[in-house]
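Order of writing sets the labels: A, B and C. Residues in every chain begin at 1.
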């Protein structure tokens, strides 16, 4: 349904051209959920906003690529045609529901506006529709909610309202950019559940963007791991979690706290910072932080290659070498040389 | 909310007292005997003495102040030494023209500033934005009186479309009055517009980068709806606070514009009284203007809390 | 800048004396001999415009300097010491209850108009704004940790104020000082124009315009050049102030979308600092 081909989204900044999204290719089918995972600064939000061109432009520009959606290239559409797509065929919800709702308008007004953006109906009809949407996203007192200002609602309620707004046009694709990051853990689960329920009800495809592998593990049919503007690994949740084939993904997984951790286990943070995208390192972008880096990694950028059915990874190591290196490292760490890593912390 | 209003009003008291002290001191800052200053050097000692009695100048200064304050609070602003008319009457008689002029100028300012800011933000990535910045800076850099002279030059000499002097009360002839007020009001507006438009543009540019604007775009609203509804509404709220500053500017400006266009307003009265050394009138007018200004700021503050739903003082 | 240099060096190279009266050369138009023409006494307008610049700059600079020093002191003390803050701020509020130009007008009306008095009047009209801006800047800096740290280690209040806080509020001081310079020049011109400023015998831009008003139809050049001088001077100062503010403000360093973030607290101060305006 949506096919992104060789998309590039660059930012023209003081420090030079930042390659926020660099030659990305992926697709999503009807009713499918894909997760895009990466650290902050990996370009995932720019990517999400590129899809319906919400990035401020300038400074963001698209030197190459196409975004095929039902036979049309979204990058080539006029502003007017884009407005017909946004909210209607493709919707989006954002990380922070408080700042994403207009603080000075009541919820009702903002929701009615969304409903009427794509359907010719009277204010009265739109209000009825708005109420049913609010009920749909599990708000118990929709009438009261309509009369409230955003700051009067709880975080979870606000995100429900955002989802209601996003669903108002019955979109075919919903892009959720860090939908649960700003919420409490218990609320997070509720919101994710709501998304799954609505997906099965409306058959919407979902692109969920997060830094939290736990979120996508539950929801996503396929996961794309992004690092410095590129996809470094792609596969099903099993591929990613159990057949990890890229050192970056492996490092990410090791940074997740889990209930199975014992006292002897340590969380391992990924050393260093994501690369400066204005002047990325030579060769593999992850090379400076990679525990398995070899001089060869510096020579050329690894290409994304098929290593299993629907499982792709961008690393020059083959499966066997990777596995043996992993074991070697794990052995070394548990062997007592704790000084090098110290007390690890979670990296988001 | 009510408590906030009451608090706000109570907090005005010290301000008003300081205002009254400053106004009161104006006459006492004058080097030499105020009575001599008013009557001139060649006045007879008896007439000077009489005036001193009349103004209470022979009392200790604190007593003078308290007497004066008591009168002011009861609405007795004293009498003009020039025409013996009560100062309150003189202010009332001159209020109409100034009020109409300021309201007209305020409306003109908003009519010019809002579209200017919207266009500047709408075309923010084009050459229009730096042009807008330059124009608004130019606006705050042009002295009102020079602009007035230039416009008089244009309209009196080259293009006699608008009258360059005179005043017709709006109550007698509304359109004719507006017609006479247009140039002076336009001058005041031109000087204020730069500030207001700049403030509005900065507010809108801030709002444009907010997440709720992104949501509005994601809903599929057109750029014009996003700008005019979401962005402008959010930027207008903080801009209301400029109105206070604007009124101050307008008050200063009216003094000048009224003298140039011979409009019989408060500003004209003030300048004439300064020339005549008519201190009771000067004090009265200055006090009146300060009190009005304080009240305008109070109203603006209260308006602000009403407009922004996030602010609630309970 | 050019006007400043020109006015300071003027006595050396000016072809005509600004006060020389040439009755046979009255109200002449623009010519090679008199670049900006002559006025009703036959005085050279160009020479007078340049000479007036000296007066305006002197007044503007004095007011800016004194108001900045006073405002900074008051702002520092009031922002730092809670005890005096209430009293001082009520006083400042009281002074700010007058539109600045009117306060200056009233003061000049009381004490009379000569250069010193004008400087005093304008200083009083403008320093309260300055004090407010500095005070709010001080309040912000005060909350930063290093000040707290200095306090806990027993550093004296004076040291904290002048060595810890002052260096951190220098940028608003400079920006506001530049705008005050511009405002003072505008206000001085307005006072002179109203005939309440400096004695008409001294050439100032306001005085020149005041006289020129009477010859508006027969000698329009008399009105144009002094006004242009004011606008260029004030505009350059405002551009300078605007540029300085942007340079000091880390938020406006984004390349294209230079929107500045204003918090509600700083709003009023921001309003005051958009351009130097009074008239």
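Odds and ends about this structure:
Basically, contacts are C-beta pairs under 8 Å (C-beta built on N, C-alpha and C of every residue); 3 or more make two chains touch, one makes a residue touch a chain.
Nothing here was measured: the structure is a model prediction, and the numbers come from that model.
The set of chains touching subunit A and also touching subunit C is given as B.
By number of C-beta pairs in contact, B-C leads when B-C and A-B are compared.
The geometric centre of subunit A is 53 Å away from that of subunit B, both derived from CA atoms. We define each chain's centre as the mean of its Cα atoms; on that basis subunit B and subunit C are separated by 20 Å. For subunit C, the set of residues touching two or more other chains reads 256-257. Listed for subunit B are residues 125, 208-209, each touching two or more other chains. Multi-chain contact residues of subunit A (touching two or more other chains): 56, 58. Residues 125, 208-212, 214-223, 229-230, 233-234, 237, 307-310 of subunit B are the ones touching subunit A in the complex. Residues of subunit A that touch subunit B in their complex: 49, 52, 54, 56, 58, 79-80, 83-88, 91-92, 94, 96, 99-105, 113-114, 117-118, 149, 151, 162, 165-166, 168-169. Listing the residues of subunit B that touch subunit C in their complex gives 14-19, 21-23, 26-27, 29-31, 124-125, 133, 136-146, 149-150, 152-153, 156-157, 191, 194-195, 198-199, 202-203, 205-206, 208-209, 238, 241-242, 245, 247-249, 251-253, 255-256, 259-260, 270-271, 274-275, 282, 286, 289-290, 293-294.
Against subunit B, in their complex, subunit C makes its touches with residues 90-91, 93-95, 97-103, 105-107, 109-112, 182, 186, 189-190, 193-196, 209, 212-213, 216-217, 220, 223-224, 227, 230-231, 234-235, 238-239, 242, 256-262, 264, 267-268, 270-272, 274-279.
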